[in-house]
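Look at the two complexes coming up: chain A is in both, with chain B in one and chain C in the other.
== the complex of A and B ==
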């Protein structure tokens, strides 16, 4: 099918605008996530959101509410899990499996058709409505403004916690605020793209961008560009092939770009 | 009650569960020492891609999962010799594997006409549906892994706790790193078959993590991990079979008890450190790091 003809379809326009907004947020959040050694949290939060959605469906309320409640609750727990990456990862994993156990519990007790819950695992990017697009755009903007508001102290505290604490930067507050922003982004993004794609967008572009530039502003800019490119190409490829999922294309693109840039970076550091 | 205990479903669940618990706790202890939590969680999700891929090709899920996990482990090892603290590479391999899993799942549901939600069953496997033949394969893999672990116990412990002195003393740390990742992959595949992808990580991480918090003596901690793992699994199986809520799957109990035990161990550890004088606490931290 002709590509330009495809672009006239409303569902494709909706998918493109919503996922571009999500991708920008995810790339910015992902940059800090990696800097703070919280990649695992980026993987855990979408899964926890799945459990929250299952709980919401069980209690007969909107899945969004469950998503937000669970991810924000978990994010606050993560922020208090300790500074050592080693210990924190284990704690994140245990919290995640506990939430998944809860999700399993809700699904086992729920006798109805839990289609919306499964949609959260695998994503429904090509079937989102106009209102969902507007909501996504607005909340992405709010998240980006939130990050911008704490940008400098957040960067400072990510780079070196001790010197930041000595200068009077509120470390704890920043850790909580950042993780809550991450949770909000994940909750919004999960409904659009599915939990898998959220993680890919959080980690892939930012990891690649970090191999090219040590300057935060340049790396964040590059990460956003990469994320936008991945989702646009991924959605178009999925629309053309019709049967293959968007998340597969985005994950493959992000892995395919990451590996060579990572290997190139290795060579660069050798030469010095 | 006697009838249930004599039934084949209960026997298989009990035997498979105990096997998984011992295997997970033993391998999990070294996983905790090596700080491979994220890699281990990634391996369970990579199993998802393996399971869906083998469903597409018409293979037994076991071999597809084992193949893909080993491939992932070798990739991870090649990307970085020490995985500790570098979780970005793990994340990248994980997201790619999940992408493949979703691809396989969608291809499978297109070709077989089933809905994508059938993949959810792969995510939450069950002890209740273990067949005798599968159990035989799982036992075989578990025994091999445990034998290798027993044979390399001392050098593996040394290399996990203090890699640089182990290397200086001539312990082949790099070979052990790879070997351990392979053991971890095999363990993951076995436990996925038993309690499902999303919860396999609970049995690998929580008993060992709690035991590591309770005592610093490696022998004692190893033993404690085994006992905790068995305790969690047995009480889960017992409640699932004889508990008042028959619709609740074993995985729910296992995940809840795991989190509870790890949480309690964490609290106890925090409390113990707080109750000592500052200087002592400082020394302790240095020794641990």
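== the complex of A and C ==
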């Protein structure tokens, strides 16, 4: 089928606009997740969201509401798990596995179509509705504005908690605010890539961008561009092939760009 | 009995300090600092201060005053409360008793007149940022929103980098520079907000002797040129001896403040530790030897 012809379809337009909004948020959030050593939380949140979505399906409400409730709740818990990385990650792991178990519990009780659950795990972006697109666009905008509002103190506290605290930066508030924004982004990104593959959009572009630039603004800008490219190309490829899923392409692109850029960076440091 | 002697000594010290702070304040006022509230007041004043961390009392009945523009080394065994004292001065921690005044106010976080260089940074993501951005945090890292680049800001950053001799590597990241260069950048971050008081927590902790000397002479130079008060926590006073005005020695819940030759003596340290301590002078350096140190 002609690519140009494809773009006239409403489902594809919906998929593209929602994905582009989500990709921008995910890339920005991902940059800070890496900087704050919170990538494990970035992996855990979508899995926790899965339980919320499965619960929502079981109770017959919109999965995205369950996603928001569970991920934001977990994010607040994470923010209070302390800054000792080992201790915090243990806590995150325990919460995550409990939630996965809970998700399984809801699934076992649920007797409807398994397709909806499959969609949560691997993404349903090509089947996204108009209302969901609007919700996604508004939530993405709120997330981006939120990050912009806390940009400098967030960066400062990521780079030196003690110095930042001495200058009056509200460390705890920022930790909570940032993780709540992360939870919102994860909930949105689950639609695109599914909860199993959120990491690829959340951390992949930011990790690649970080190998190219040390300047936060440049790295974030590059991460956003990469994330947009991944979702657009991924959706178009999926639409063209018709049978292959979007998340497969997004994950493959993310991986395929990260590996060479990482290898290039290694060589650069070697030369020094 | 011992405690009483120390108390009397401290009271005398307080009187001496008050005299000096009175004497020097007009000089300071003429300098870059023309704050209203320190016309006569000391830079730091501690009255009957006790500091507790959990169940342990770290310092009891601290009494001292520090005049503006002094370079003071804080010495003592590990765990005697050197870093905790800095945290009290920064407003992270309230004293369990007594009154602390810093620059004429009760300590509160977010005071840009206090520059702080912590010993450890909890997160290591600072290592991948550029020198320039790290120094920039000291200027506007605490402000909300994102800053737009401006010529004025760039100029300030250049000046700050120049002051610590870091203009040659503004784009290097912390994991690419040496330990000494790293400390210089963090010092620039603490200095860029034009503080009146500089608190340095073991800035020489991981440096060799020549890099330690470099940091010390830089701090001394800045302290004199800007006429700011510097409190520097260290475990080795020797490289600091030519530069410092006073020593604040913390040990065993007690403290003593005075000139190095007054405080680092067998007599005073034995009283502080509550056991026999011998200060040995050799090769122009001071060595503290004792049973429980």
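Everything that follows uses one rule, which is that the second predicted complex is superposed on the first by the 262 of 272 C-alpha atoms of A that agree within 3 Å, B and C clash if a C-alpha of one lies under 4 Å from a C-alpha of the other, contacts with A are read in each partner's own complex, and residues count from 1 in each chain.
As a convention for this text, contacts are C-beta pairs under 8 Å (C-beta built on N, C-alpha and C of every residue); 3 or more make two chains touch, one makes a residue touch a chain.
A quick note: this is a predicted structure, and the numbers were derived from the prediction, not measured.
Once the two complexes are overlaid on the shared chain, A:214 sits against chain C while remaining clear of chain B. In the superposition on chain A, A:47 makes contact with chain B only, not with chain C. In the superposition on chain A, A:248 contacts chain B only, with no contact to chain C. After overlaying the two complexes on the shared chain, residue contacts for A:37 are found with chain B and with chain C alike. With both complexes superposed, B is the one of chain B and chain C in contact with more chain A residues. Shared-chain residue A:76: touches no atom of chain B or chain C.
When the shared chain is aligned, no partner comes close enough to touch A:176: not chain B, not chain C.
Shared-chain residue A:89: touches chain B; no touch with chain C.
Counting contacts as defined above, chain A residues 34, 37, 210 meet chain B in one complex and chain C in the other. If you check the complex, the residues on chain A that touch chain C are 34-37, 83, 148-153, 155-156, 158-169, 210, 214-217, 272. Every residue of chain A that touches chain B in the complex is listed here, in rising order: 34, 37, 39-40, 42-43, 47, 84-86, 89-98, 100-102, 104-105, 107-109, 114-115, 118, 121-122, 194, 196, 199-200, 203-204, 207, 210, 243-245, 247-252, 254-255, 258-259, 262.
Contact residues on chain B toward chain A in their complex (touch as defined above): 32, 35, 37-38, 40-42, 79, 84-85, 87-96, 98-103, 105-107, 110, 116-117, 119-120, 123-124, 198-199, 201-202, 205-206, 209, 247-249, 251-252, 254-256, 258-259, 262-263, 266, 289. Residues of chain C that touch chain A in their complex: 90, 92, 109-112, 114, 116-118, 120-126, 128-130, 133-134, 137-138, 140-147, 171, 173, 176, 186, 189-190, 193.
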